[in-house]
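Naming follows writing order (A, B, C and D), and every chain is counted from residue 1.
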Amino acid sequence: MSGNSFGTLFRITTWGESHGKGVGVVVDGCPAGLSLEEKDVQIELDRRRPGQSAISTSRQEEDRVEILSGLFEGKTTGTPISMLVRNKDARSGAYDAFRTCPRPGHADFTYHARYGIRDHRGGGRSSGRETVGRVAGGAVAKKLLSQEGIEVLGYVTELGGIKAQIPDVQHLSIIKELAESNTLRCPDPMAAEDMLKALDQTIKGGESLGGVAEIVAMSVPPGLGDPVFDKLDADLAKALMGIGAVKAVEIGAGLECAQMSGCQMNDPIVWDKGGVSFESNNSGGILGGISTGSPVICRIAVKPTPSIASVQRTIDLSTGEPAEIEIKGRHDPSIPPRIVPVAEAMVALVLADHLLRGKVVRV
Amino acid sequence: MSGNSFGTLFRITTWGESHGKGVGVVVDGCPAGLSLEEKDVQIELDRRRPGQSAISTSRQEEDRVEILSGLFEGKTTGTPISMLVRNKDARSGAYDAFRTCPRPGHADFTYHARYGIRDHRGGGRSSGRETVGRVAGGAVAKKLLSQEGIEVLGYVTELGGIKAQIPDVQHLSIIKELAESNTLRCPDPMAAEDMLKALDQTIKGGESLGGVAEIVAMSVPPGLGDPVFDKLDADLAKALMGIGAVKAVEIGAGLECAQMSGCQMNDPIVWDKGGVSFESNNSGGILGGISTGSPVICRIAVKPTPSIASVQRTIDLSTGEPAEIEIKGRHDPSIPPRIVPVAEAMVALVLADHLLRGKVVRV
Amino acid sequence: MSGNSFGTLFRITTWGESHGKGVGVVVDGCPAGLSLEEKDVQIELDRRRPGQSAISTSRQEEDRVEILSGLFEGKTTGTPISMLVRNKDARSGAYDAFRTCPRPGHADFTYHARYGIRDHRGGGRSSGRETVGRVAGGAVAKKLLSQEGIEVLGYVTELGGIKAQIPDVQHLSIIKELAESNTLRCPDPMAAEDMLKALDQTIKGGESLGGVAEIVAMSVPPGLGDPVFDKLDADLAKALMGIGAVKAVEIGAGLECAQMSGCQMNDPIVWDKGGVSFESNNSGGILGGISTGSPVICRIAVKPTPSIASVQRTIDLSTGEPAEIEIKGRHDPSIPPRIVPVAEAMVALVLADHLLRGKVVRV
Amino acid sequence: MSGNSFGTLFRITTWGESHGKGVGVVVDGCPAGLSLEEKDVQIELDRRRPGQSAISTSRQEEDRVEILSGLFEGKTTGTPISMLVRNKDARSGAYDAFRTCPRPGHADFTYHARYGIRDHRGGGRSSGRETVGRVAGGAVAKKLLSQEGIEVLGYVTELGGIKAQIPDVQHLSIIKELAESNTLRCPDPMAAEDMLKALDQTIKGGESLGGVAEIVAMSVPPGLGDPVFDKLDADLAKALMGIGAVKAVEIGAGLECAQMSGCQMNDPIVWDKGGVSFESNNSGGILGGISTGSPVICRIAVKPTPSIASVQRTIDLSTGEPAEIEIKGRHDPSIPPRIVPVAEAMVALVLADHLLRGKVVRV
């Protein structure tokens, strides 16, 4: 059934397949009066765009966005914002082999199981290309958040087992500058260098690598989140786990909390400049599913790209026989750097939604 | 705004506070014709109930469920199933101190920030007692799933840093027997013994411990999940991260995927007894957000109970002064064993919802 | 699937059958800080209650409401408000005959067609008793609206073909006094007398009568409604058509607009005391699906009670034979007076929802 | 907030303004495997298209639809179907006068009240042009319904006070032929002639006329509808009242039921060819909010076009002064004939949604 919308008040509906006519999104619920132009969206799409470097797929897509509705004289009108990006450089031939032989680690078999029919070209709807709509919608959310002083930033903290040293998130502008200065979006220049070397080896070996990305939101006001089910962390988990290749989501201390004691985990509450503050941030800015006012901190584990050059065992659904495949298309050897703008978009969408939800809570 | 419903087709709405008149749930969307009696629900509530052992809160609640609607002659009728559990043993006096002084690690401050008003007694709506409704709703979901041969089981795999050895999930009946035979719900008897010792020390020190639980669903048919946003793993992540004290959710290989290569991660696809099968299950039974037919495997990291006996620093919201608190109520020193039935309920609810959603996908 | 919730931000979920243990509602999304006590709800339930007069069913139900959650020290806390009314005077025996023979004009056959199973006693879920939950939820909505100065009032304008003369809605307090002073809730005392006589004849003849009710909302601010699908009039139409026995919904000029010209229909726009005003109100206070600031005016046509004493032809689903039935239970000979509080509740729920939705529309 | 989606399982999201770049729709939840091509949609858009005759607006729009996603080799894939129609013949200059002076009977003032900003050109989002997306989405719904043998047809039954004689709906193919053979979509040729004459006079007088349209759905299976809120008639009422200019919705006997007795209103239940049947159809094919298997019959009252040539009184929002306007754009003098395909689309969307909802009701 219908599963292509996300959000309640600030709501996106995405559409499009990898090798169809295009991809896009309808943003519904964006408040009226927000300044917005195609450039705001294009900047984010450019960050997501393939063909940016040696380590990403060589598919060339200009990804030029066209805003079709919802704007008047440079401002949103409260009506749906429809955005369209045409597909250009789609080479479907490379995918013929996978029409009946599902690729391991991909959604080929499961789409077959669910729908009985699928557009196998480039992965169809399950392609990473689907995230164009998310990023375009997220760009509008980011613009809305920026009005409230909220900033969302993502970066790679680990790749192929190499862990980066990340400065404290209070120094976000430095992190941002460092992260955006290399193709890996890793704010630790030395780790980034090591990661690049590892990737180089990986490409030569026809292999791929996994990694971890962290997404931070600064200046989130306390009081966002709707217990007991639409908690802020629950919605973030859904938003992030729903990105292809993500296999784990952490908030704040995350998995490490399992080995902490209550004394270590609890963040002491203090007064700071007349406001409520927390001396540490193991909670990741969320308690009881509601924002605390501290930075919101999420991390995602990203599996290695399933498209690898080596021979893999699979089956042929048309013959009922075992089969072997080699994947020769154009693929990223490691996805975390390209997932970063997508994850930022998803976090921004969740926050924009809860920002609006926060306006209807009290008499 | 309204955040107390979960699910789309199989939908629960929970209500109730720790020290109010009771807690409960309305299940809407359960198909007609399902055999159901109060006993089915009571069994699950008994597993969740406090006062079961030395390691859980000494609050005594009989937690007797009353089904108020939706049944006729022992079967569901397709109309809403309302269930009520009255609160009995609520000692509010113990909470007076926290009326104006938010407890670290709890939702006290954030509820205050969101609503401006809160029922501070026993944590009010943010209390673990809220999960009674989830477990009651989950019991109905489990009954529905059992009709399709689907079984959901949770157990503790780590506590206070002590990791259990878990048999392969194919031996689920053994795991179940082992897990339910000790108060820690840990299927590794020796680890369980060590955990109990650690807990004993922890209680004496006025401290608390975190841990990890795994939830497995067997015999989930391939084809459940609604990309691109209502993916099965995305909905599981939301369901599990929305349980209080959970700070991380993993699917399949989870966080470890970050250090794997594509060759290691991808599960080879093979024919097995005429059906499609996977030689390994790093995907945790989900690819592209849709079930593969392999066991669905989730893990959650549970933070140490924030209610600890030691002195903690906080603030007094009424005076604007710093404050110190000691939490003397009746609390579990470690939550993972009691979270297990709640996590099972949430996984069952997600699966029941997607099972119904799966019925409307093809012409 | 789940169809027992209404509203988006201010949301109710009702449950319960006529002859089950009780009926009730969970209100989710009511803002925190609203003064509310059981008395506020009881007043509305008393207006809906059966057994009030000779012209309504003689079933005796005290309909005492118990608020189970969501309140703290007399105020709403932003958490779900669960309300319960136990069933008392249920005489199921009278319904045995209809277990296999669906009553004409009732939902017996259609529930059978949909669910395959149904609680036939008293109509089960399709009974008018189900509206207890709506009225209880509507009472909370009314309390919220009253804070903004919005008042909702319904009354009978036609019964058995006898049409009442209704004063201009600007004189709502007079209308209210007149309407609530007779059992028919008709603000035209002379028409009410005629209606009572007609009803008397109808009861003697074992028959029933239809009628029309009007529901007015005063002081609704301009700007409520969410085009293009969640328009204010669209949501009102759904709310009102969803009440059992309603077969038509009109807004403003309603059906008569079909015979008007543009000049007659259009309401001229004028300045009035510094604000925007309309010289007439054929629009019924709604243009383009958004409130204009004029009174919101709805009318519903209510069919004659299907439960009549005369012999009716039907079928026996168990034998496949034709059958005849006589309905001897306790029934209202005409429903419009008792539908009035239900219709008010539904209008109040729609307005409360859109009042909250209105808070998130602009930057 | 987001109000531009309709439906739960079969769900459309529309977007676009009258004088923006285009209009469109995303259909989410259409089952996989349905044969669909642009021609299926184009046929319905052509029925809705302006510029077809003397009695409709002379705006010329080719309204060529492009399906951008969701199809593969002529079949739906279960993924979102995005459809785009570019605007061509938009003459915005004609609307400059209304930028600050709201037109009576239009949504100009209410959009201003809601959003503070609006695209005044051609009515922006509140234009009838918005219905292109509805009709395109409805075309997909119709295709799905046709697979189950369900047919939806609308026609004009009254215009300017002239009432048509309509054959029994069992003769739907005759009604269809008659209705589609004249520009008024009235299946009574003589009445149609009178209506045309009345319209001719109306145009000369710079005036407009209201009317009534009936929409019928044949072969709807019994058992569709989700009480107690998502009843079939409730959803139809919402769908139809949400069309611009509709001021009343009737089901079956509609408003006339107010003057009927129970004996007259109740449809006797009989066996017919081994199935359950009803001797009459005052219920309009719906009892208790669930379809009976009889034809579903709805009627809508459509107000006269608010755009009339005569001088009307309004206000100037920029100066705070009274104002007068004359509307010289290209407008239909009477909308019912053009509303027919839109109303058909909305009825088809409701039925498609409930058809899918019906698949998840029983174990």
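The definition used in the following text is that a contact is a pair of C-beta atoms (placed from the backbone, for glycine too) under 8 Å apart; a residue touches a chain by one contact, two chains touch by 3 or more.
Bear in mind the structure is a predicted one, so any value in this text is a computation, not a measurement.
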Chain-contact steps, minimal, separating chain C from chain A:
1
More contacting C-beta pairs: A-B or B-D? The answer is A-B
Chain centres from averaged Cα atoms put chain A and chain B apart, in whole Å, by 26
With chain centres taken as the means of their Cα atoms, state the distance from chain B to chain C in Å.
39
Chain B to chain D: how many Å between their CA centres?
46
Where chain D touches two or more other chains simultaneously, the residues are 1-5, 8-9, 14, 29, 32-33, 78-79, 114-116, 125, 227, 356-357, 360-362
Provide the residue numbers of chain D that touch chain C in the complex, in ascending order.
1-6, 8-9, 14, 102, 104-107, 109-111, 113-116, 125-126, 130, 158-161, 202, 207-212, 222-231, 233-242, 244, 247-271, 276, 279, 282-284, 286-293, 301-308, 310, 312-315, 317, 320-322, 357-358, 360-362
Chain C-facing residues of chain A, complex:
8-9, 29, 31-34, 76, 78-79, 144, 147, 227, 356-357, 359-363
Could you list, by residue number, the parts of chain C that touch chain B in their complex?
1-5, 7-11, 13-17, 20-24, 26, 28-29, 32-33, 66-72, 75, 77-82, 84, 114-119, 124-125, 356
